[in-house]
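Read through the structure below, which is laid out as structure tokens, and then see the notes.
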């Protein structure tokens, strides 16, 4: 969202540059103040390179940037994009929600109990390091091809990340805060609810963000490996009928959507969860 | 230059005869290089973008849409699929009215067959879901995740073996349409006429050999040391598969007749747009190589 | 250091037992292979400020945490008001070297946290917390977060929190080590006023000899690991005098020198 | 965890889970889970086959080339981003975006740019691994203590000397940490590249075994791959520890 | 503080110019909107130890770094031996608060690093480095890495490194602030011996009034931001006396008290 708003800011400030200084100086001044200036510059560079490569063309299957943009707008307007996202987001949201509840629960349990740590930590360490993509096709054997299977694929990728981060969050809670709570005779429950969880929240949330990133990877794998639905279907279908611009538009849109989602989450995190970071 | 072939599947016993034919083409001096890709559409994409010279698949929809001049030049197989239902729920075509069925992918032959049969039987499905991979649909049937779908011959055999009587195969009228074909850029075809002819000839002669004696597939595997690490289970599957597939092998490489059949079939399925009668063979096929080879080895 | 029965402890023991609020009996502590404390016997008088002083790693923090009930002793007993304790209790409050403030809570909530854990209703809690926030000179900062305060102010929050639970014994582990020198000096003077006013028992750990002598009624010197009591010193300084008078008092300077001579052998 | 006063190493719980697996496998609950013992013996058969050896070779080659590229590009780019504001401004957006983007969606597109077969897999490995390497190298360079650089200036070091003798060495632990995570991501990349586009190497074997329901081999292959990923990262971690030791606790 | 022409500076200026090795002329420094230093004029005599003292944030570090040539001044000049300098030079060496040791290098290499940068051959370098390692009392630690040393030992490495390049002026920014109190005290005594022996010019920044008075020939008090020279004090203490004699010297105590009275208004 904020990306879309940037070009306005550029033109507004660029135009209002003081008369005495050159355009270059105005731009340089602006670049120093606004990070978004560089966002625009790097986006523009990439899009121009893409357009040129598409016009050359490097391949019949490589559309230009403008064609892709047109395809994206077309899909957005003719009502294929939104329903596709609705379908893609189903397993994603359910999977991430399940992973969040389960993962934070397990992670906290592992952080609090040595036995749970011994039993579970190695499993999740292995799962996180392992190429889970190989296992996604197996899911179909048990859970078939529907929502359940895709949700499971999302969980397979998101859960280990969330579990390990939650576990780390709890293990890294400031020990003197815990001692402080104990010294005021806080019960174990108070310790967990009033100290451990609040102190771990920023890391828990960061873990959640990584989990969502993994979930996006999971849902794309599921839609490309299990059955094509949602955005995965747009990609495979348009590829099968040689509508490469549409295919690229679908690919680019999912990457953009995931990036914006993660950026928004980070913003929320800093805005609401970190009083110490808020006023900077 | 090597002849780069993009195959949208992995090598299994079902493609043994093709692998053998490619070996023969190699013997005759064509430097064949096969790349196995995830799916047919990636193989098609490879040909369109020039990453591969020859693709394997059924790319009618693509041929109609794509800007690149791609043509089919040989039919490899005809659709051989078996609509199947779980007898707990359905018994015949009529029962599928208003129900969900699973097919391979959008615009695929499997979808076309199911659509054709729905039209013939005057029914309509509530939803068509796409489940790529006949073996996945077979597994899904056995697991009970899918109640009505369409499988290939090895899927049929697995279903008959694993759960005899649990599934019913629905009757299918005469379906004559291309399942897999070879296609390439016209530019490539005209520039490499000789190599292409050798390839076509190798395939047709191999096809005829296997059709005459299905058990020769096993011999071919041994001769060319194909699929060296196939498990005993897989090897045991070779004979029954070819016994069933041999009679349906296209021995004359399809050509104009096959193209006409395909137009009928794929316009119904929706993969091709427009009227079957208006479609022109030369927009989809390049018959030069095939005709030259048939002139040499005769038709059957 | 080799002398387990300290020089000046004798003239002390008689009175100490009479009104000892904290008694440390034969405390030993091992961390795995490391022997941190060996056979510590001490008594802390009610209403007095006692300082533990010793070279780095001698077990000062360990001893303080054992008394607080935060770390279990390997052997030995801690008695508070004559009763053996094994864990933290309401009669003791700890002030942490790194402040141990909750970064997500305001000063008001941080100060009232001990009461919050005890289930004191909010209104009451805020009243008490505000009182002690004023006491340590932080009125007006109630709604600030810890990251908005300087080191010295943060430590005052920690002290206000300890006061607000109305414990008899305050345990302070190097409370001024994260505060800069000049503020530290100011803080020492303020602490003396608080000690005067609140009439609590203070147990204080520090590395600074001047600080120890300046604020303490009694100084316990510990020997290097394994920590043992090597000497007990009572500065006997007239605290009613002005700070600059105290700091140039001969007795004060003598005690500083005496302690320094005892400790300098352990410096690198 | 401690049991009867004896400290039990954490990773031993994997043995416990293997045992659970064996029991579940023996009970024949589901064809997907054959007994662990059967998987292990299938694993021994597997490594003897030609197709496994070839697949390993292909996979390893794609992986090594991809990783070499990722390190060769990622480390210098990360260092440049850490040193030069302008480079940071230009690449920052992309690096931060791609480090957590669903790159799996991008893989089908890569083929058009990079061809069939191994090249695409190499590029996939590169794309999966490079971003985190860049970010960590950048972080390593940015957190070089300013006093260390001032120290160099103070004793008359040239910019180049400061860079080679202070900044690079100081950033080494972070760079290595980035490479370790990059390696793990690279393993994921090689598998995703192999099963999403060109079915070669391990991707082909996975596809083959899962299609023929050969679960013993499927799991054997999975375990080999997982073990390889774990060993790789453990190896770098060991190296990292040595550096950490020599770089001190920071 | 409001008095820019310091009280005692007058009786000083006459001699100072005669043998000033470092001259600070009208130095001003702004960081963006923040004015850190305003119109600083100072002279530092050869062979003397001068301390900069002042409340936190008054610009002590900034001034020291400007003299070192590490930070450019907004206006004004620095002259060393009469010559205007604009960057670091071989006649000045800096000792950092956080030691600035290279964690991957041994003590020997760290101490010899200044020489290594100058291209001194290894054998020569090691000889000099070893000499100064001995000088600061670290013989036997040549092959250790910084993380194997305590804070006090690390700072000694930093000082040995500064000595080994044979600079005339040593600039020390709170060199002992990361060292614990007791070791710090020891260190101060050792420093006095080094000053005596090496006959270099020292510029020293500290927060500790006692430390300043104890080690300095001259103390420059800076006022809070924007930093200006508010007072110059010469303790005039007889450094040949024993440490404990110095610390109870009346002159010493008077100066400490005087400075404290000047600074306490800036404490929180």
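The letters A, B, C, D and E name the chains in turn, as written, and every chain counts its residues from 1.
Assume a residue touches a chain if its C-beta (ideal position, glycine included) is under 8 Å from a C-beta of that chain, and two chains touch if they have at least 3 such contacts.
Everything numeric here is computed off the predicted structure, so don't read it as measured data.
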Subject >> Both-way neighbours, i.e. chains that touch chain C and touch chain B >> reply: A
Subject >> Any chain that touches chain D and chain A >> reply: B
**OP:** Give the chain pair that accounts for the most C-beta pairs in contact.
**Re:** A-D
Subject >> Whole-Å gap separating chain C and chain E, where each centre is the average of the chain's CA atoms >> reply: 34
Original post:
If you average the Cα atoms of chain B and of chain D to get two centres, how far apart are those centres in Å?
Top reply: 38
Subject >> Between chain C and chain D, centroid-to-centroid distance (C-alpha), Å >> reply: 50
**OP:** Provide the C-alpha centroid distance between chain A and chain C, rounded to the nearest whole angstrom.
**Re:** 49
Original post:
Of all the residues in chain D, which ones touch at least 2 other chains?
Top reply: 108, 112, 195-196, 207
**OP:** Find every residue in chain A that makes contact with two or more other chains and list them.
**Re:** 59, 61-62, 137, 141-142, 239, 244
Subject >> Every chain pair in contact, whichever chains are involved >> reply: A-B, A-C, A-D, B-D, C-E, D-E
**OP:** Under the touch definition given earlier, write down the residues of chain D that touch chain B in their complex.
**Re:** 49-52, 108, 111-112, 115-117, 195-200, 204, 207-208, 211-214, 217
Original post:
Which bits of chain E are touching chain D when the two form their complex?
Top reply: 65, 68-70, 87-90, 92-94, 96-100, 102-104, 113-114, 117-118, 145-147, 165
Original post:
What does chain C use to touch chain E in their complex?
Top reply: 55-56, 150, 152-153, 180-183, 185-186, 206-210, 244, 247-248, 250, 253, 256-257, 260-261, 263-264, 266-268
Subject >> Residue ranges of chain A touching chain B (in the complex, touch as defined) >> reply: 59-62, 137, 140-146, 227-229, 233, 236-237, 239-244
**OP:** Enumerate the contact residues on chain A facing chain D in the complex.
**Re:** 31, 35, 38-39, 41-43, 45-46, 58-59, 61-62, 114-115, 117-123, 125-126, 129-135, 137-138, 141-142, 210, 213, 216-217, 219-221, 224-225, 231-232, 235, 239, 244, 247-248, 251, 254-255, 258-259, 262
